[in-house]
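These notes open a run of structures that come right after.
Note that subunit A is present in both complexes that follow, paired respectively with subunit B and with subunit C.
Let's turn to the complex of A and B:
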């Protein structure tokens, strides 16, 4: 029983990280049709920014950790907004080229991170509470899992509220539905593009700081590791659907944890799940029917 | 299958479309057919003679062309060119953006390594077994992933390749050697293909692989199936309306491209005398994509040039990074310049942004422009003659 609880909560924590990456991917794809391969780099840069803050100001206080989270999210958002303004925008409506540009950016930035911070993982420290465990139904659950889950839930609520109750949210939702119509009504959708990139980048940067706590290290390949599963989550959930991404993130991560523990091939199970979902519902769990 | 209108449209895009003056049209067509063939043959003969010559290209090659080190780099470049060509068949011809092409290459590399390691089969039968295995894997994965199109297709192929990557890294039953990789068991490999002294034989093998892959890709592109595949890339609905069957044709192209990748993978194993998990990674497929786009999407020789150029740059930029000139720079410049992938990635972004059509596109535009200039000169000359008359 305690094993199951432990696996479940760990899976939820991993699912939270997947969601933080996949939410941005899904929003960007839904609005612009761009599959963003550089999203992993947003995450990695956010993680390194948070790590630098913690290293310089003393890692074990909560204030510094909170600052690291904010800085990570801000750096991720800035990087993402610059990517949209400088690279993606120039290739408006040319989806393959947009994908290619983000691929190039991902290759170049990962190399740059390796050159700057070295290719080996840097082990990190944080507030003492995060290293400890809490007893849940007899299972010692590492505390950083709760933090990841809480942050992901907050981000989900935040993005949903933003989309539902703000003017920009309205434009983004309308743009996902029918971009040509929004443009025809005289609304500049391009601002919404930059904004969506920034929001996705902020979520990824935040995810980066949390992921480095979850795994216990930062490395230039942190983003790429998570990105592939975030892609799978996005496709399973349905490209462009935020709720779908949340459901699929939990499903994929929990399944992966259980399969890893009992069978040892969790990653394969996830791929099989993807194949199965695409065979039965090619548009994903909550995606619009193609 | 009657796909005439779409087919003509689609194939005219990928072929040479420079307009020629009407009077020497027939001669021009014949010349257009023979000049590339003759150039290609001459190039192959030149490449085949390289191990017997002592040509030094300082900065490009590590040493004179007859030395094993240089031949190793050149052979690697040729094999990667062949691999890029197989990816061109998938992406350039059929328009299938796959992120999992490394899987079939890895089937060749790891498959042959495992068969040679675990069985007593000699090289050729072992290669046949691996090839059949590669075809089977490509059929299964292709049949599943081609049920979806566009970005979803890219994702599914990525996921399958990732599954292959995980399998290799997990080292099931000690077959793949995990992160360490697998050394080539040379017991059943002919002696002429083993050892540093025989690098030139491996070089010739790589050249032969490239030529064969080029011939097969050319054949598939010129076949009816190739035309239907190109038409499907342009407009799948229309192909379906005129009675074509896009799914089967796409599957065929997918399997052919995957099989070619498997064959190249086997040659790669012999050349590198070992398999490492890097060849199964998604990054490796992405570098293939980079090569094809760098060379020019839709161009056969562009794909080969992209692959060769990428490999040489990758090898030589590494050497540049370790050189004195870079070590002396301030860290703002030193760090980016000492990462080959940073330079290649940046180059790639610049090509996508500013040089659509890659190297092949730029070459074609250049040729077009000089052709137009010649026409204009001729016109000016004619005017002068008429005026003086």
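Let's turn to the complex of A and C:
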């Protein structure tokens, strides 16, 4: 029983990280039709920014850790907004070029991160509580899992409230349905594009700081490592569906944890799940049917 | 003679490399309803979309004397051009109230006018637009345009696919709309044209082949048959 509880909560923690990356990917694709392969770089840069804050100001303080989360999110948001403004904005409706540019940016930034911080993982410190465990039904669950889950739930609630109760949220929801008609109502949808990139980048940057706690290190490849599963989550959840991304993140991560523990083939099981969903429900669990 | 509200000169438009508007030149008077007529597929909707910048276009378009052919769609609309698209294009996942709120671009949107014209929408404000009937969706589409103070309304086939009773209601709403701003109307229903239009522009194969007084054209069944390929009741008799 304790093993199942441990796998379940660890899976939820990993799912929280997948969701933080996938939420931005899903919104960006839903509104702009852009498959952003550079999204992992937003996470990595956020993680390094948070690590730099912790390294310089003292890693064991909760105040510094909170600041690291804020800085990670802000750096992720700024990097994402600049990516949209300088690179992606010229390439709307040009899907091949978008893929080439975002893949190129991902490769270039990983090389830049390696040049700046080295290619080896930097092991990370944090407040003492995060290194400890909490007993849940006999299972010693690492505390950083609870933090990741809590942060992802807050981000989900925050994005849902933003989409439901703000004018930009209204524009984004309408733009996901019919971008041309939004412009035909006199709305400059490009501002919404930049904002969605920034929100997605903030979630990824926050996810970067939390992922470095989850894995215990930060490295130039942290983003790429999570990006592939975040893409799978996005497709399984339904491109453009935030709720779908949340459901799929939990499903994929928990399944992956259980399959890894009992059979050692967690990644294979996730790919098989993706294939099954694409065969049975190509639009994803909560995506709009074509 | 007053200046036209819209002047279109040598407008050409392409979609995915395909020429959909060949060479269109016409004026829209500053009052009344100007109907764009023509057989199916001749480029009427494409002309409206090109005017609005939704299709890549060349040529010269002026709105009240100001060039708008190099502006993006949202900037053209913000200069006072309301648009009611073919097939309504309401945001199905948004409520009626959200559809209308999204369309408000003026500081003081004309909510009372819209509520008077479409009382049914007030009752259904919390309903998702995708669950409305075709006629109700058309009301939402018209209401979105009428919320703002427009210098020109572009209305594309507003009665398409609607029941006869609803067609009458839409025509009444359009007549009210025309009292607030000149209308450029693409429409196939000649009864609606007869009721609303003051001027007509007939397009064939992406070019304007006739412009003139609406009543004059509608009184000439042979010309209607030749230009539009349809028989009026008089013609049939």
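In the analysis below, the second predicted complex is superposed on the first by the 290 of 290 C-alpha atoms of A that agree within 3 Å, B and C clash if a C-alpha of one lies under 4 Å from a C-alpha of the other, contacts with A are read in each partner's own complex, and residues count from 1 in each chain.
Quick note on the criterion: contacts are C-beta pairs under 8 Å (C-beta built on N, C-alpha and C of every residue); 3 or more make two chains touch, one makes a residue touch a chain.
Just so it is clear, the structure is predicted and the values come from calculations on it, not from any experiment.
Chemist: In the superposed model, does subunit B or subunit C contact more residues of subunit A?
Modeler: Subunit A has more residues touched by B than by the other partner.
Chemist: Looking at the overlay, what does A:120 touch: subunit B (first), subunit C (second), both, or neither?
Modeler: Neither partner.
Chemist: Where does A:174 make contact in the superposed view: on subunit B (first), on subunit C (second), on both, or on neither?
Modeler: second
Chemist: On the A-aligned overlay, A:135 touches which partner chain: subunit B = first, subunit C = second, or both, or neither?
Modeler: neither
Chemist: May I ask you to decide whether A:189 touches subunit B, subunit C, both, or neither, giving the answer as first, second, both or neither?
Modeler: Touch partner of A:189: subunit C, not subunit B.
Chemist: Along subunit A, where are the residues that touch subunit B in the complex?
Modeler: That would be residues 29, 33, 35, 37, 87, 90-91, 95-97, 99-101, 103-112, 114-116, 224, 228, 231-232, 234-235, 239, 264-265, 267-268, 270-271, 274-275, 278-279, 282 of subunit A.
Chemist: Where on subunit A does subunit C make contact in their complex?
Modeler: 167, 170-171, 173-174, 177-178, 180-189
Chemist: In the complex of these two chains, what residues of subunit C are touching subunit A?
Modeler: 52, 54, 72-75, 77-78, 83, 85, 89, 91-94, 98, 101-103, 105, 144, 148
Chemist: Per the contact definition, I'd like the list of subunit B residues that touch subunit A in the complex.
Modeler: Residues 97, 144, 147-148, 151-152, 154-156, 158-160, 162-163, 166-167, 170, 282-283, 286-287, 289-290, 293, 335-336, 338-342, 344-346, 348-349, 352-353, 356.
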